[in-house]
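Naming follows writing order (A, B and C), and every chain is counted from residue 1.
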Amino acid sequence: MTTVLDRAAPPAARLHRDRRRWAWALAGVVLVGWALAGSGLFSGPVLNPAGAGQAGRFLSAALRPELDGGFLRVVAGSTLVTLAYAVLGAGLAVLLGALAAVPVSRTAWGGRRTGWLLTRGVLALPRGLHEAVWGLLLVNVLGLDPWVGVLAIAAPYGAITAKVFADLLDEVPRGSYDALLAAGAGRGTAALYGLLPAASGGLLSYSFYRLECAVRSAVVLGLIGAGGLGYQLALSFTSLRWEQVWTTVYALALLCLLADVGGRAVRRRVAAPRRTGYRRDPLPAGAVLAVVAGVGWALWYLALSPAALVSARTREQLAYLGSAAWPPAVDGELLGDVWSTALDALRMSVLAIAFAAAGAVALAALAARPHGPAGPVRRTAGALTRLALLLLRAVPPPVWALVLLFVLLPGVLPGALALGVYTLGVLGRLVGEAVEEADRRPAEALRAMGSSPVGRWLYGSAPALAGPVLALSLYRWEVAIRDTVLVGLLGAGGIGVLLSARTSAFDWPAVTTVLAAIVLLTFLVDLVSDRARAALR
Amino acid sequence: MRGPAAARSGGLDPGSAPLPLLRRIAALLLVAVLAGCGSTSPAAGSTDDPGPLRIGAIPDQDPEVLQRLHGTVADSLSTALDLDVEYVPVTDYAAAVSLFRTGDLDLVWFGGLTGVQARLQTPGAVPIAQRDIDEDFHSVFVVNAGTGLAPSDDLTPLGDLRFTYGSETSTSGRLMPAYFLAEQGVDPEGFPGGPGFSGSHDATLSLVASGSYQAGVLNEQVYESRAAAGEIDPAVVRYARTPAYHDYHWLLGPRAVERFGADLPDRLTGYFTGLSADVPADAEVLELFGAGSFVPTEAANYDQIEQIGRDLGLVN
Amino acid sequence: MAAGERVAVVGASGAGKSTLLNVLNGAVTPAAGQVRVLGRDPTALRGRELRRLRARTGTVHQHLELTGALRVVHNVNAGRLGSWPASRAAWSLLRPQDPGTVRDALGRVGLADRMYERTDRLSGGQRQRVALARLLVQQPDLVLADEPASALDPALADLALGLLGDLATGRGGALLACLHDPALALRHCDRVVGLAAGRVVLDAPARSLTVVELERFYGVTR
């Protein structure tokens, strides 16, 4: 009994390599090679072992954080400020994102591609600048107003949220929407009944994810003077009081952890809703209520007054900044500097992502919560890995940059590694979650067939995870290129150094040029990353 | 908070509005402000309530001590001048300059260069006082012991070393050292791999101690206080001391003079120069600033700094 | 079960059919009772020994546990992971090993032309046939099949069960298949075991049963 069916013998199948994927893979390898070559790794020593003592002081202080009562009170108060900024910033971002999502969705533009591309291009501006850069600009317009911190988070986050929300809306099955339109409903009503319910889970999940990110951003803003934990951290950091630095890092880690746990609970529940009959599920509803209450509290706590946004002084300062910053400087020397530092920033971001992705993959099996029962050793190792990742992302990149500068010689490498270590904290967690959520059945089936663990990993787990891991890494690459500004602001190389130099000299025309270059660079990286992800699908 | 509301209500004529909708929203929001939930606005132009005098300091030396003990200065000043004084924390040099320009800070403890930047951006700003040591301020060049360099006045060997400054707009950690390096024919930007900017005097000391940077420069006052506390790593060698220059000073913004009266500059100068190490409350303030006493100062003291700043592209 | 025997397990949903298969392939350890698979107790074995036993047991699952992101050829070759060293398994992902055998196996399920396609681009029925091809390549002594024909049209379902039966009995092994379709069970199996609430309630030679009798067992009334 061989071929039973009398179907025409098909032409013999041949092995095609997917050219597009191979081209992307090759380009990726070349890019990492180029970044490595530019890092000085092959052209001379990069390590400075003599600085191990200095770095050791930072690490050992982790075990003896400052626990003085007065300092703890300061930290507690600052934690509340950071929380208030995060809640308001993320809340405003979600609001702005939801409003902007409709005009930037493909659904709204139908076949008119130009209009859609244009609106997406408009979003590139707020998205291309890091929160810290927004903070820097806003301080010059709004002064010490708490709006600075809120808007600095809300502007880039709002743009990112709008893009993600629009994508979510576009990906929702269109059947019921089209049916409603055909039945004579208006577009708005049709979207409300046909698109929104299906998309709401994704929208809610993403909103909570943004809240988690906003906590870390609020700290970065504190570094440039917007108050809160970041401010305390900056003060202790400038005088290298590592014990105090760690206390603030722990407070931040705790805040991150709370946001992580809360967000995770909501996402889980949204992904697998519990049957509650006609009554609402208390968890997501409660979480939304808690956030709304939190926004109310934060408004009161920060004494945010909308009047400041439209005050005469704000207009005056805006006019001052506008006239000082326009037209942008275009002298050859500046443009040359922009070009070379932009290349450095690109190198840093590529190295950072390569490092973080490799680390995240290596740690993924440990970072993922074990499926089913696990021994105490495995559970402890997993908890320690997750704690380490939490701390990696709780220590802001500028601090990592200085600590790494103790043990590495100056150049692109310390900045790149600082970003890499921080990104590893974020990516390690995301990859760990991808492992937890991955389909286990293929690997289980292979086990039942007697496959070795390596075989199971090669044929069952790895192929299924490769796509999500690459997509997450590419997505973090977009974030990392923005973050290079952050380590640059504290002098670790890249275009951020140039931005820092020009802002501290109040050379506004040059600042305009540098900012334009950063937006362009981010936009290009976004574009490449987007194409690469499409090729991977 | 009737002051700010009254001041702003003049701009609410819809006929003159370039953005009528925004104006209308503003009008609605003003109701909320009048209802009492608005925050204090530094832009207050009314004379019946000038609001507090907002003071601040660039985060230069021991910032965490200075900023966390700010109550000391604010209280002392408040008692002496019978004013409402509020200390505003700032972590960034450039932010301090910007906040002085926007009027969020009335009286700021600036470094030489940041003071010049702030004064040029804020017409009407006046220098109030400086410390006794600021008339005769120095920076010290430090090298890592591994370089084998012995203390000397010759700065040229530094040109071949990996070198870090402190903050980019620090007078003692960047500007004046760069000037003295250039005087001896060393390109202040020409160090191998470009100069680093550690961000603070303490970070400079640590980086030079680690050897990542072989040499650096910092504020002599910070160096001396760390040396006295025995906190300097044996790997750090004091290499050279710069000639003297003017550095830190208190700068007063024009809006404060409008609000508190034309005699404010004189009252402030009087307060600072009157601080005496013999009075316990005063001594606390002086110690916080590491000063024996405060002395008057004038804009001309910083002309050299302004010139060097222009040459280095740090003043526009 | 005797060597060369083809047994159909029938029963309503939730009767314990899948659990039985999972116990036999060692995925689930029973709370009580004894298990003997190919003369050995899977619960008593560890490591290499257990893997060797498992390599002799082939399972086709209800949910088709194929790796969607891999090409068909790799999913079929995965049937040999129990005998391949890790290095060969890794190299095969770059340069498929022994493509002749794979092509042959795919040919027998009518999918030779899809050999290099990504598995998640195939339809449900095609994927089920890829799983069969994997089994053909694995050459197990005991074949455990959980609804192997559920996504196939009648002609293909006959083909599939025929293949499984040949595979098992041709080498002196055995086939244990959970089936929903009484006609298929009677046509392709020698013996029918009925389960209800985890207990054996029927055990008879296929020849002694009719389709109508079996349908009654599933709860169908006419």
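Keep this in mind: a residue touches a chain if its C-beta (ideal position, glycine included) is under 8 Å from a C-beta of that chain, and two chains touch if they have at least 3 such contacts.
Computed from a predicted structure; not experimentally measured.
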| item | value |
| --- | --- |
| A-C or A-B - the one linked by more C-beta pairs in contact | A-B |
| Chain centroid nearest the full-protein CA centroid | A |
| Centroid spacing, where centroids are CA-atom means, of chain B and chain C in whole angstrom | 78 |
| Computed distance of Cα centres, chain B from chain A, in Å | 34 |
| CA centroid of chain A to CA centroid of chain C, Å | 45 |
| Per-residue multi-chain contacts in chain A, two or more chains | none |
| Complex contact set, residues of chain C against chain A | 25-27, 50-59, 61, 63, 65-70, 73-75, 78-79, 81-84, 86, 89-90, 93, 96, 103, 107-108, 110, 112-117, 138, 140, 155-156, 158-159, 162-163, 166 |
| Residue ranges of chain B in contact with chain A within the complex | 4, 7-8, 11, 22-23, 25-26, 29-30, 32-33, 37-39, 41-43, 59, 62-65, 67-68, 88-95, 97-99, 101-105, 117, 121, 146, 162, 164, 167-169, 193, 196-200, 202-203, 206-207, 209-213, 235, 313-316 |
| Residues of chain A defined as touching chain C within the complex | 1-5, 7, 9-16, 441-442, 444-452, 454-456, 458-460, 463-464, 466-467 |
| Of all residues in chain A, those that touch chain B in their complex | 48, 50-51, 53-55, 74, 136, 139-146, 222-225, 227, 231, 234-236, 238-241, 244, 303-308, 310-313, 317, 320, 402, 405-411, 490-491, 497, 500-501, 503-507 |
